[in-house]
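Heads up, there are several structures right after this.
Both complexes shown next keep chain A, but they swap its partner, so chain B is in the first and chain C is in the second.
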Partner chain A sequence: MLYALIAGVLFGLYYALIGLGLNLTFGVLRMVNLAHGDFVMIGGFAAVTAFSAWHLHPLWSLVLVAVLIFAVGIALYYVLVPRIAATKDPEMISLVLFFGLSQVIEALAVMRFGNNTQSIYEPVFGKAPVSILGQPFPAVWVVSGLVSLLALLLVYLYLYRTRIGYSTRAVMASREEAEVSGISVHKVSAIAFAIGLGLAAAAGALAPFMLGGITPDLGVGLTITAFAVIVLGSLGNPVGTVAGGLIYGIALMLMQTYLPSWSALLPYLLLLLVLLVKPSGLFGRQVRSA
Partner chain B sequence: MLRRRWVDAVVVVVVVLAFVLAPQAYSNETLLFQMMVYIALSQGVNILYGFTGYLPFGYVGFFGIGAYGASLLMLHLNWPPILALLGGGAIAVLLGLVLSPLLRLSGAYFAIASLAASQAVYLIVSNPALQNVTYGPYGIQLVSQFNPTLSYYVMVVILALTVAVVLYIRRSRFGTALQAMRDDPVSAAMAGVPVVRQRTFAWMISAGIAGLVGGAFAWQTSVFYPDAVFSLSISIFAIVFTLFGGAGTLLGPLFGSVVLYGMYNTIGISDPQYFQLIYGLLIILLVLFLPDGAASLLKRRGSHVL
Partner chain C sequence: MKQLRRYLFGLAGVAALLIAGCGSTTSTTTSSTAPKDITIGTLYAGSGSYATSSLPELAGLKFWMSQVNKDGGVFVKAYNKKIPVKLVDYNDQSDPNTAQTLYTQLITQDKVNILVSDFGSVLTSVAVPIAQEHKMVLFDPTGTGASFFTPTNPYIVLTGLPTSAVWPDNLAKYLLAQNFKKVAIVYAENDFDQSQDETLTTQLKAGGVTPVYNQGVPTTTSNYDVIIHNIAATNPDAVLELGYPNNDIAFLQNLAASGQHFGFLFTIFPGQLFSLLEQNVGAKTLTDTYTYPTPPLLAYNSGVNYGMTISQFTQAFQSANGSAPNFLDIAGYNTGLAIQKTLETAKSLSQLDLRAAAGKIHMFTLDGDFTINKEGAQMGETLPVGQIQASGSGLKTVIVFPSSVATGTAVH
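Take a look at the complex of A and B:
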């Protein structure tokens, strides 16, 4: 029980990291990036490839891939988003568009890496288990938990301690009002969008360990899981995401301990339940219509 | 009014004749069957997305539950196939009713929630713990009921029904009400349209179509695994065909299914990833440059698209 709880916290931090990027994107753009999970997948393949080709430590790949994908994100934003924002139903259109993007990424990944599960099998984080409160955990879980925590802290500092983070929160609160008060909405959004993708890729670099391996079709399931996490903690609220991640991680570990064959259902059921019972999450915004 | 009915009748007859006669000219009956499956499914998506604006990413859930419902009725209760098919449709409608609270969600929330729902149904059906009921991950075998010819013609009937339903919706007050709700639910409600009831009704019609088609698919295929009937790509195909042709019209999704599914069969089967790539790019380009589908090209020139 204690073991499941602590493991739940470690995985919860990791899932919060996956969810956070999606939430940032949603917060500033009011669009759901359905390709989010695919960027996690890209990060994972990058880490695996870098390790097998140059023996690069996954933590280095994590930093590298996050920076690279950040740059890609900036470019992607300016190519896609202004066009969608000009259509009459940006919410639906963006959904379909990012879905198409997700298909493209998945297809390219299959072409490049094949359909088999790939992973890093060597114990790069040391063989010895780390003991927390007398319980032994694989070292990589602890490292992933700590890395996620660090990333979450950095995002927090960005949002609450920097000038541009302040503008980002203003855009989240109201795009129009931010614009009239002189904030360069597109610049702020592009950075937030790119950070979101970068975080996804960073989470991906740890995915070979935390998710047991990387396959090209990982994307859609991960996007839904991320969505479940952020809806739990309420959309557009980065702090809530951490709470959502923790709840999800602990619930997942408890399910895996007591009802293993049903644990794959968890993200879907949790998501449906929250959407139907309290769609605004822990602290919310209106999402229903009519 | 009378002339319109004639046009409608002609359309239904043409579709039926095309697929009744096609096996004479083209021997790959499986391909023709699957083409009908996708035409019907994309019309189902069309009813929901084209007329109410709700995009059901999890549409495949109804297809899968129809396939499983029909198969299990045949296997456990020994129902004759056609009756079992209707049963499968009914089960899908029931699932639609159970999931109807999802319609309270707006836009993207609905799309993702429906996707989650279909995955949940899939994981329940394919769960090893339910092996005694659903055969879990080991799939269904309907060898004793296998009848490719009869199931082909049953599918033609289902397709004709679907086309007729879409035509009816396009012409009726019901369809007008749905489109009014799509454009502005509040105003529609003010004008006396029972928004929630009608939207739920459209959702259930759409679910029933997918259920029937799923049952027919199960019968025709007769041996399948759960991931074959719950594959997300079925939803995707139906949605892309609809978007490509033009949602909210009858001929758009029909045209989209025939052209794109034909394309899929020429390049998709041997190299699915290339096809997925083309699909993804097609979706992106469509959304950016032609958000109302191929039908809008004709509409722009001022002609009326059925």
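Take a look at the complex of A and C:
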């Protein structure tokens, strides 16, 4: 029981990292990026490729791929989002467009990397397990938990301690009012969108260790789980994502211990439960009204 | 006179009908003339979780086609001549729903002569009822789920492997022979793995051993850490993980990272996709683990009386495709051989005649002894137990059970 709880916290932090970027994007753009999981997959393949080609440590890959995908995110935002925003039904169009983007990324990944699972088996984070409260855990889980905490802290500092972060929160509260008060909504949104993708790619660099390997079709499933995590915490509230991730992680590990057959249903069960009991999510003050 | 004229008109009418009847007889004869080619319809997973296994299986089938077409085609007894073989294949993207539509399309739109299912039990499970409904024999290379083979379904032939319920026969015997009392089993919840679990638990219980851990997990499981921890808590003598390649990779990776070690560890796919597993979990993790060795690890060179031997196939396949074959390439090729033998002996191309001919096949191929039972299940190709052992700087697979085919002894 204690092992499952601690494992759930560590695994939950990792899922919070995956969901954080998706929630930040939704909070600012009011659009669900259905290609979010595919950027996790890109980060995973980048880490595997960099390790096999140059023996680059996955933590370096994590930083590099996050920066690179951040830059890609800025460009992608200006290519896609203003056009979607100008349409009659931007939310629906964005769903279709990001789904299409997801399919394109998956197809390109198949062409580049093939269909086989790829992973890193060498013990790059240490051979010995790490003991927490007397329970041994794989070192990579602990590293992943720490990286996730660091990323969550940086996003918190960005949102609550920087000027651009204040503007981001203003846009999250009301795009129209933020625009009227002189905030460059597109600039703020582009940065938030790019941070979201960068975080996804950073999580991806740890995916070969946390998710048993990388395959091109990983994206869709991850997007669904990340979506469940952020709905649990509250759509549009990045801080709630941490709680959502932790609940998901602990529930998953308890399920694997006591009812393993049901564990694949967990994201959907949690989604149903939240929608029935507290549709606004656990931290649901800032839920969208539309 | 009037009556005679009416009579004559009546005769003329009957004659006209007879001529028309002759015409129809002629058209029947025309339709039974040899077709331009024999069409084989199949699906493959070009992407998704089964692509790793499905694409080599398709490559093996294509290799067989290229071999027979190079020789002028496959001999069809019904027409007493060789006819070229043509493939109609669609990508189901590992999605059973897509596969369902495409199997129907192969039968109703493309009207293929021979239907071959995609890799594995998940993508074959949707083909079984469709083939039965359309009274079309399903040549099934690797869909080994025991539930596919029933006395009421005469439209299935398993070509590449025994039914999964038969797979663990030798494994269960070996575990009992080793006197293991505490056996832990974790299996993925699909026909393929579940039926193996059922066989194992039944045979172990008959031998006085009740598994100390026996849990199913979703086939999509990608993290086994907590499960490994729970298994370790039962102090098992032997641990069996039954899954698909991605399950095996995740399990072995998590086990290596966890620092746990089990004295006897069995997984399925190192015996079929050795290179893939080695690339993803490393030689060290695989060393001393157990598996079902399949060709080419199980090398059938002597006694082969139909098609190439394993050495001939390996050489020819490598020169044609640029890479060494794995078991699934062999399963695809072996399916081709089964189709070839069926066409060589069937008295017509009707589906029931094809099925009857397949039922009478007795041949020894590079995949072993080919014998199916009344329900279409493969019974000949039994799977021994093998251990992956260190050999110089690499690894080798040693067959350790049964003793009749053993090539070495287990290292503990």
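Going forward, the second predicted complex is superposed on the first by the 282 of 290 C-alpha atoms of A that agree within 3 Å, B and C clash if a C-alpha of one lies under 4 Å from a C-alpha of the other, contacts with A are read in each partner's own complex, and residues count from 1 in each chain.
Everything below uses one rule, namely that a residue touches a chain if its C-beta (ideal position, glycine included) is under 8 Å from a C-beta of that chain, and two chains touch if they have at least 3 such contacts.
Quick caveat: nothing in here was measured; it's all calculated off a predicted structure.
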* To do: Judging by the criteria at the top, classify the pair chain B and chain C on chain A as clash or fit.
  => clash
* To do: Check the residue A:158 against both partner chains and state whether it touches chain B (first), chain C (second), both, or neither.
  => neither
* Asked: Given the touch rule stated above, what does A:264 touch, chain B (first), chain C (second), both, or neither?
  -> both
* To do: Scan A:110 for contacts with chain B and chain C and give back first, second, both or neither.
  => both
* Asked: Touching A:253 in the superposition: chain B (first), chain C (second), both, neither?
  -> second
* Scan A:140 for contacts with chain B and chain C and give back first, second, both or neither. => second
* **First (chain B), second (chain C), both or neither touched by A:51** => neither
* To do: Considering only touches as defined above, state whether A:70 meets chain B (first), chain C (second), both or neither.
  => neither
* Asked: Is A:100 touching the first partner chain B, the second partner chain C, both, or neither of them?
  -> first
* Structure fact -> Re chain B stretches 96-104, 168-176, 222-230 or 294-302: the one overlapping chain C is 222-230
* In the superposed view, which residues of chain A touch chain B and also chain C? -> 106-107, 110, 221, 261, 264
* Contact residues on chain A for chain B in the complex? -> 31-32, 80, 83-84, 87, 89, 91-97, 99-108, 110-111, 220-221, 224, 227-228, 261-262, 264-265, 267-269, 271-272, 275-276, 279, 287-290
* **In the complex, chain B residues that touch chain A** => 53, 55, 57, 101-102, 104-109, 111-113, 115-117, 119-120, 123-124, 127-129, 181, 185-186, 189, 195-196, 232, 236, 239, 243, 273-277, 279-284, 286-288, 291
* Asked: Which of the residues in chain C end up touching chain A in this complex?
  -> 45-49, 51-52, 55, 94, 186, 189, 215-218, 220-227, 229-230, 245-246, 249-251, 253-254, 256-259, 276, 279-282, 285
* Asked: In the complex formed with chain C, which residues of chain A make contact?
  -> 3-4, 7, 11, 106-107, 110, 115-119, 121-123, 127-129, 136-141, 209-213, 215-217, 221, 253, 256-257, 260-261, 263-264
